[in-house]
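Given below, in the form of structure tokens, are the structures.
Shared between the two complexes below is chain A, which pairs with chain B and chain C, respectively.
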Partner chain A sequence: MRETLIKQRYRLGTKGWFYAGRYGIERYLYIFHRISGLGIILYLSLHIILTSTRIFGQGIWVASMEMVDKPIFKFGEYLVVAAFIYHALNGLRLFFIELSFFIGKPSRQDYPYTTSVKRQRPFVYLTMIALLCLLVIMSVDFYFI
Partner chain B sequence: MRESRLWLIFLLCGPLLIFLLGIHLIFMHMNTILDFFGIKTGQVLAYNSVIQRATELKWLVLYFTLLLLGLYHGLYGLRSVLLELTPREKVVNRFVLVLGLLLFFSGTYVLMKSYMIGINPS
Partner chain C sequence: MPLLTFKIQRFDPEKDKEPYMQEFTFEVEKGLTILDCLNYIKENLDATLSYRASCRMGICGSCAMLINDYPRLACETQVLVLGKTLIEIKPLPNYPLVKDLIVDLTPLFAKHRAVKPYVIHPDERQPEKEFIQTNQEQTKYLQFAYCLKCGICLAACPTVATADNFLGPQALAQAYRYNSDTRDNGLKDREKIIDSSYGLWRCHMAGACAEACPKGVDPALAIQLMKKETILGKKKNIAPLALPLVGVEPRPGIPKAPERTVK
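This part shows the complex of A and B:
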């Protein structure tokens, strides 16, 4: 019985992340939050290894910097900064919602039942507008100036 | 430590990381915008510049705090993701802890070694 429950709980695996069902836009934000978070932690590990080359002297440092001074790495760097901006803004939204801001006061549920999801929806839109503005500024800095 | 406390630390690390990582990213990657506001960063990735920063207390504190908070927040997140995929909690906990300690101590060693190189270049 216990094994069946465990199998049921884990049967979807990573596929379960990508099916939003009826959860709406917040569920897609959650998927991107997860992907950007995993990308950032992978980058952080590689960043610690790469920047440690400075302790082996100037020659090794210059060689490792030249190795990553290529368009593909520049694009990777762009993706990391974009992922950070997204993860930061969406994370800030989650932080406030976890602390019960923007979802209204709790009240007795009477029929027809309402959901607090729509109450925090304007905050979602505000976050997305801020995200768009920061992504445009960052893209201009990276590629157009 | 209780799970709720670990989660609360994870939550509080978030805004702190946004602030600290924001400073780091703007300084290292947004030099055009900083130039526009009259802040000259120069060649931030030049060896001498990197070693010079390693000897300054404000940068040392920033890098050490970033390392600590970044690893905690990131690896707690990774742990949550892995625990959704497997019921083997002990294995996941050990994996995340070993990875975290390895990265934390290697990062701290690099900070200390860079500081030593900076104050005594010979």
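This part shows the complex of A and C:
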């Protein structure tokens, strides 16, 4: 009993997703990827529930549309689009990395060690720049046009 | 000599309910490692401090701990290189705690064993002669063969933080190491274990294992290469056995080799 208690305490758990030490940017992108993915799923289910109110007739549909016609929901929608862009771009990066592009080959290791993570880092920066550009375009489109 | 404070996590399962931090302050000189400082504390300040270490040269893999929020080998980390006057030392996360800085590495070894980390020969017979392997063939796995089983990569991995049964970077890297060895023919055997949702495919390339590994093993690289090979298929030569020597007479006076003891 005592032993299992100790065990549970020392697995980092979801806390380990957020902060576990001073690691590279990829470890935090991983967590963002999960959160944005969960956010998109949550949005999808809400979206399906909300639009399905149409089968109860025009009145209920209009009422539910009015309910979500508030700045807070608009901001939520904005976040969903941002999460989607992030998830898609980072997913594309992972797709290439998991097919072993940009990570190099096994080699004899000498100090200071180089790693696959360092080798693919320029690709991370590129993804982030693309993300930033798309976010700017999206924000302008969302709030000003 | 600079004055440093060490904050060390203490926990004795027979006495304490919760771990707590204990402070020690003393002067250190240049060149001392964290392990040297722990030895100093044990010899001069508090003999009850427990930690594990043996080789003090980065080869046995027993002194891994969380030093200033980063998993490192205590014997390979110089105190002054950290550039801090407060040094916080905790046991490795993601493992059951035994006492003070000692964690139970049983999960690591169990996962390591699960991937059959040994050369599985093409046929049942023991080879009669040595295998011929080129340098290039060796380079394909050598990097991964340097693993110490220190357990740092599992402490760094965010997937291990929530999934106990994930094989983890260490075991997967070893699976790749043996799969890439031209003397080995165990790919099919290992595939059953690694090509599963708690094997290969639970890695999402957070890369922390590769960065934290003290031996440059780069488990992340091994895992991504293995993902590609699992999807596209792996091509590998099987190392030939050396040809038997013919027409060679031993020089006079050289005794005959003893009979083999392993059949």
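The rule is simple: the second predicted complex is superposed on the first by the 126 of 145 C-alpha atoms of A that agree within 3 Å, B and C clash if a C-alpha of one lies under 4 Å from a C-alpha of the other, contacts with A are read in each partner's own complex, and residues count from 1 in each chain.
The rule is simple: a contact is a pair of C-beta atoms (placed from the backbone, for glycine too) under 8 Å apart; a residue touches a chain by one contact, two chains touch by 3 or more.
It should be emphasised that the depicted structure is a prediction, and the values quoted were computed from it without experimental measurement.
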Between chain B and chain C, whom does A:Ile40 touch in the aligned arrangement: first, second, both, or neither?
first
Just chain B (first), just chain C (second), both, or neither: which does A:Arg108 touch?
second
Between chain B (first) and chain C (second), which does A:Tyr30 come into contact with in this model arrangement: first, second, both, or neither?
second
In the overlaid three-chain picture, which partner chain does A:Met65 touch, first (chain B) or second (chain C), both, or neither?
first
May I ask you to decide whether A:Leu79 touches chain B, chain C, both, or neither, giving the answer as first, second, both or neither?
neither
First (chain B), second (chain C), both or neither touched by A:Cys133:
neither
Is A:Val117 touching anything from chain B or chain C once the two structures are fitted on A? First, second, both or neither.
second
In the superposed arrangement, does A:Glu98 touch chain B (first), chain C (second), both or neither?
both
Residues of chain A that lie at the interface with chain B and also at the interface with chain C:
6, 9-10, 13-14, 16, 98
Residue set of chain A touching chain C in the complex reads 2-3, 6-7, 9-17, 20-24, 26-27, 29-31, 33, 94, 97-100, 103-104, 106-109, 113-118
Touch list for chain C against partner chain A, complex
13, 66, 69-71, 91, 93-97, 103, 139-144, 146, 156, 158, 160-162, 164, 180, 204-208, 210-213, 215-218, 220-222, 224-225, 227-228, 231
Across the complex, what residues on chain B touch chain A?
11, 14-15, 17-18, 21-22, 25, 29-30, 32-33, 45, 47, 50-51, 54, 67, 70-71, 74-75, 77-78, 81, 84-87, 99, 103, 106-107, 110, 113-114, 117
Per the contact definition, I'd like the list of chain A residues that touch chain B in the complex.
6, 9-10, 13-14, 16, 34, 37-38, 40-41, 44-45, 48-49, 51-52, 54-55, 58, 61-62, 65, 77, 81, 84, 88, 91-92, 95, 98, 137-138, 141-142, 145
